[in-house]
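Structure first, commentary second.
Every chain is named by a letter (A, B, C and D) in the order it is written, and numbering of its residues begins at 1.
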Amino acid sequence: MSGSTIGTLFTVTTWGESHGPALGAVISGCPAGLSLCEEDIQKYLDRRKPGQSRYTTKRQESDTVQILSGVFEGKTTGTPISVVVFNQDQRSRDYASIRDVYRPGHADYPYDAKYGFRDYRGGGRSSGRETIGRVAAGAVACKLLHSLGVQLTAYTRAIGPVRIPEKEIKLTEIPDNSLYMPSNLYAGKASDYLESCMSEGDSSGGIIECLVNGIPAGLGDPVFDKLDALLARAVMSIGAVKGVEIGDGFAVANAKGSQNNDSFSIENDRIFKTSNHAGGILGGISDGSQIFIRAAVKPTPSITREQQTVTRDRKNTTIAVRGRHDPVIVPRAVVVVESMAAITIADAMLRNLPARLNTLQEFYSRQI
Amino acid sequence: MSGSTIGTLFTVTTWGESHGPALGAVISGCPAGLSLCEEDIQKYLDRRKPGQSRYTTKRQESDTVQILSGVFEGKTTGTPISVVVFNQDQRSRDYASIRDVYRPGHADYPYDAKYGFRDYRGGGRSSGRETIGRVAAGAVACKLLHSLGVQLTAYTRAIGPVRIPEKEIKLTEIPDNSLYMPSNLYAGKASDYLESCMSEGDSSGGIIECLVNGIPAGLGDPVFDKLDALLARAVMSIGAVKGVEIGDGFAVANAKGSQNNDSFSIENDRIFKTSNHAGGILGGISDGSQIFIRAAVKPTPSITREQQTVTRDRKNTTIAVRGRHDPVIVPRAVVVVESMAAITIADAMLRNLPARLNTLQEFYSRQI
Amino acid sequence: MSGSTIGTLFTVTTWGESHGPALGAVISGCPAGLSLCEEDIQKYLDRRKPGQSRYTTKRQESDTVQILSGVFEGKTTGTPISVVVFNQDQRSRDYASIRDVYRPGHADYPYDAKYGFRDYRGGGRSSGRETIGRVAAGAVACKLLHSLGVQLTAYTRAIGPVRIPEKEIKLTEIPDNSLYMPSNLYAGKASDYLESCMSEGDSSGGIIECLVNGIPAGLGDPVFDKLDALLARAVMSIGAVKGVEIGDGFAVANAKGSQNNDSFSIENDRIFKTSNHAGGILGGISDGSQIFIRAAVKPTPSITREQQTVTRDRKNTTIAVRGRHDPVIVPRAVVVVESMAAITIADAMLRNLPARLNTLQEFYSRQI
Amino acid sequence: MSGSTIGTLFTVTTWGESHGPALGAVISGCPAGLSLCEEDIQKYLDRRKPGQSRYTTKRQESDTVQILSGVFEGKTTGTPISVVVFNQDQRSRDYASIRDVYRPGHADYPYDAKYGFRDYRGGGRSSGRETIGRVAAGAVACKLLHSLGVQLTAYTRAIGPVRIPEKEIKLTEIPDNSLYMPSNLYAGKASDYLESCMSEGDSSGGIIECLVNGIPAGLGDPVFDKLDALLARAVMSIGAVKGVEIGDGFAVANAKGSQNNDSFSIENDRIFKTSNHAGGILGGISDGSQIFIRAAVKPTPSITREQQTVTRDRKNTTIAVRGRHDPVIVPRAVVVVESMAAITIADAMLRNLPARLNTLQEFYSRQI
């Protein structure tokens, strides 16, 4: 299917441009009977909204969500849920200067190469505002997952060289700082680093991690819809993400089998693993332990420092990108990573139901 | 669709178990008119065949491919291409001992948790032999890409701690050593390391890289079928892969925008980038420069060292995995990574055709 | 994927309930560069809008469409096109009486059986208003097809027993009457018949036909995405349609091969068929002649005559459906059939592009 | 996805040409734990095998099926089931004469128009032998459905003008005659009619009906994956089918609402319908009553009477098709219609599981 839809049973279609009238998503296949209201979605959107700290764009947007379908008397009906956020502060004139110039690190040139032209206002569809639809859908997925005992926690692990050591991670401190770091101490260091980037007209990359707890064993559909494969796709589809790891990720390259294998053990008649290098997924199927995802986020490409580039009509030029840009994307992308993971896992939970014949037999024997 | 099929227009469906009668793939949507014979596929399968070095399983398999459909008078007809490899050396008795025990690092437990039971012989569907279908299909994708001017090169970048420095990479040396490393010098070091692993009854992980040259700008379909997203999914779906990077990958986290952005420049009236931190993909669309993919491969989980684990009936036990196993998966997985990248890019090239109205208008105006 | 999306490259996702805030569609994969404005869509919606004749519901809806994304400076950009129609005249109180009763011929009972409850206001998602999204997307598909030389014409062939004989069909008279019949004479007879139905508190079925001209040979993807298969699905997915025919349809059962086969002949060095029993599709692929589709539409199930039925809590009762209902669905469904055919053919035209290797080779050789 | 795969969770991919080495199917997503052996499939293939009566092709094929994957110790494992039938009696020389001529009523011309050339031997992929994969997969679907209490019955309703009146249908007589008619009396009349067709070098069309009993209410996914829409697509995708009806089909056009609506009633505290004009589907969702499908099958296009046609190089000519052809396709297509209906319903039964949140909650609460 076209590239704007993700999922097999729990599907999400997003649409909208940075400076168009609105952005939104259609969530289809959400089971009937889930309590859902606009506030459930709004609180996720507020986490990605601009203006939460001095490290985010100055654009003023309330990003108020409306549910247009799929909910009746406070519950999902099983029909598609359409959500919309209307744009308010579209200062398109800011972008006239980049109409004919390709910004380094941005998608301007590939969009032109593919489609022949582009909506250049604020990056059009390639803007970070595109994630509004992802987060709105992610909020629905999270609500669904909560009702099934699954909880997601995402946070900023690193900003530039400021990386929180594993032992210093304090998940309770995530809401305390506007960088969504699980350490107020390192959030302070990261702020200092960002100030220095800003003073140089530069920007910073970082790392986001996402933990999924309460996940049952058995999710994922080998061999191409393995859970880790679909998580990698979902997270890599976020603009600015350039790497994805599950569990130990690239560290496995340097490990031996005896180190990397997680032993199984029995406790209270249940199987568990005594370590979790695998990040909760073996052979592409969840193993019942915590799922661990890590994403590398590149520095904001819009910087005020002068850069070498070219014009649409093939002339060399320079550009210093003005406008309202975040010196770091990472904090606002935390909820986007969480959303994409939630959408993927929600779909996997629905798909997993008919894995065994006796589940079907039991379900339909009660029906009749 | 079910988890055994990948792709939108150029699709691949794989099937088969390690110790079943055969394994294979159905490649559907390959354009008509491509020259194709069994030898084209066989040479890719030979690259993943066991018995190429002392670091691969002792299982004896010729892995001879047959084309059962979709080719007529030496050319693809546009109908599905079915390929099959019959198993020969299925010593299933080797596996009776692990019927009721979950091997650490393997998919035994999650398969049981999902499906209620499993084909335990050689890992069944979760065996490395599953990749036969991927490589057969990848060979077709590569043939198609070659005819369009696109070339893929994959190789082993690291085995355990033995990592080839960027400056020492010599692509011409890849075929010289059985580890598929672009450096005979480092291949020697890696062999030494593998010997030490084997002497300890242990195994090693590593890193595979894949380069794609000759790629046009414009491939990829935002926002969920971005080229990097689909590559990440395709590569992460390979058993043992735990991390995927595009371009600089995780290194972007530590970079500044001024370092990470690739400048554009004009030469001979064509646009090119003066660096390639992005790995050939911007905003999820190819930018016309080399695509760069890196995959982290975990150590072979089957090791002869004793490990703590549990039985199907929930009792603690220990296991030392016997059988015929590779002390390192990486060299044989090189062609698998190349195959998955090729399948993904072939599909993207087909999907990209109708991106612009005038391409359609021109095509159909000539038709009538 | 979930049931709210149709298509492979040109995809349509619809959403919305009869008495929710709005209804709409997301059209994804439309090629870039197509001129498109709201008026292009509005004129299709006006053809299905209530209040065009005395045989349609009295509900007052302007059904004004807004384009929220995917169009920039009057042209499609290749990104998803989101369209929305806000509801205005939702007299939900009319439906309180049917909250706990299953209307015969309606989807009330199956929706409850599937989802556990339903949005009972005006039929919710199973209302005829659901077709707003289909028609809005169909308008875009028609605009795209026009630009490729393909024209669709749909009309009412029969209302109840009033069926226009083949020789009396005058396509030019379709716009002359509110029943969209290609014969003002038979439209008059049909009106008389409808008056008699209404006087009895009853309703009428009918037949819709759709012609597609200017279609190239080669569309359709055997074996499951044959053009006739996808047309049948698209048209049968319209509420109230109970039968679909291509070409001679059920008449072929009674024909001999010598009668049913269409002979080929050469004229001006081009191949054409001397008859068209096949309705323009052979082996699931268009043959270049006119495509002919016929759909059977059942009578409006909402009738004021008393009917036997049951309550949600399993008690026998009777019902006489009040509210604002069309005594015949057929005229308003004409544009829906045309829309679904257009959506299907547009997708087939996009998918057909990479059927031959040399098309790809030519396209990409020009790119670089 | 490409046109060779059908289904969302229970998916079927078919491949193979009339005169290639083999034909087959990959069935993916079948739940684990279903008893399955080759004999289960063989008995369905035997129903479509040539040589069962004097009205079928003289080609000698045992059509012996092999299961190559997905079954272990007599049960499905949840992994893809690959089935293959090797061709034996490929007298390709019979077809040399039609290499450069387009047979009327066949797909020769559209295949050339689409792909540039074709495997002309026996029609290649457009041959009736293509249905081997459908029937093998249909056998698996039927086995699955039986285990869930669903039974399908298909039969020949009409051959040419010989149509069994509704009151004369005796399902018990279907196996008694080689035409699969539920009336030995009418089977005799049909034989007489076929003899007269053969004596004229001509062929006959007919009608197939399929009944589905034991179906639960709630199957089907509005709005584009309504159960009737997917059944229409599945059945129309069979070569030679030109029309599909659900329930009363085209007869609804002439009915009034009061006649066509099925009343509900309560018996033994269960809801049932007192009639079944709807054919078991309301609003695209099964209503728990018998599903009724009817398909129109065109006459065999291969006839020995001389016909007007053209050559590949655009010259007028005539043709009298030699070779081994059935004078009527209908009897052998009965099991194909049943198979396609079974595949569609099996998929719908899997997809329906997560329609309600409480099903998911109950399933996963037991898991942990």
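As a convention for this text, contacts are C-beta pairs under 8 Å (C-beta built on N, C-alpha and C of every residue); 3 or more make two chains touch, one makes a residue touch a chain.
Values in this document were obtained by computation on a predicted structure and should not be read as measured data.
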Chains adjacent to chain C and to chain D under the stated definition are A, B
Per mean C-alpha coordinates, the chain lying farthest from chain D is A
The distance between the C-alpha centres of chain A and chain D, rounded to whole Å, is 44
Taking each chain's mean CA coordinate, chain B and chain D are separated, in whole Å, by 37
Between the Cα centroids of chain A and chain B the separation in whole angstrom comes to 25
Listed in rising order, chain D residues that touch 2 or more other chains are 1-5, 8-9, 14, 29, 32-33, 78-79, 114-116, 125, 217-218, 221-222, 355-356, 358
Seen from chain C, its contact residues with chain B in the complex are 8-9, 29, 31-34, 76, 78-79, 144, 147-149, 214, 216-218, 222, 349-351, 353-361, 363-365, 367-368
Touching chain C in the complex, chain A uses residues 1-5, 7-11, 13-17, 20-24, 26, 28-29, 32-33, 66-70, 72, 75, 77-82, 84, 114-119, 121, 124-125
Contacts from chain D onto chain C in the complex sit at residues 1-6, 8, 14, 102, 104-107, 109-111, 113-116, 125-126, 130, 158, 160-161, 197, 200, 202-207, 217-226, 228-237, 239, 242-266, 269-271, 274, 278-279, 281-288, 296-303, 305, 307-310, 314-316, 352, 355-356, 358
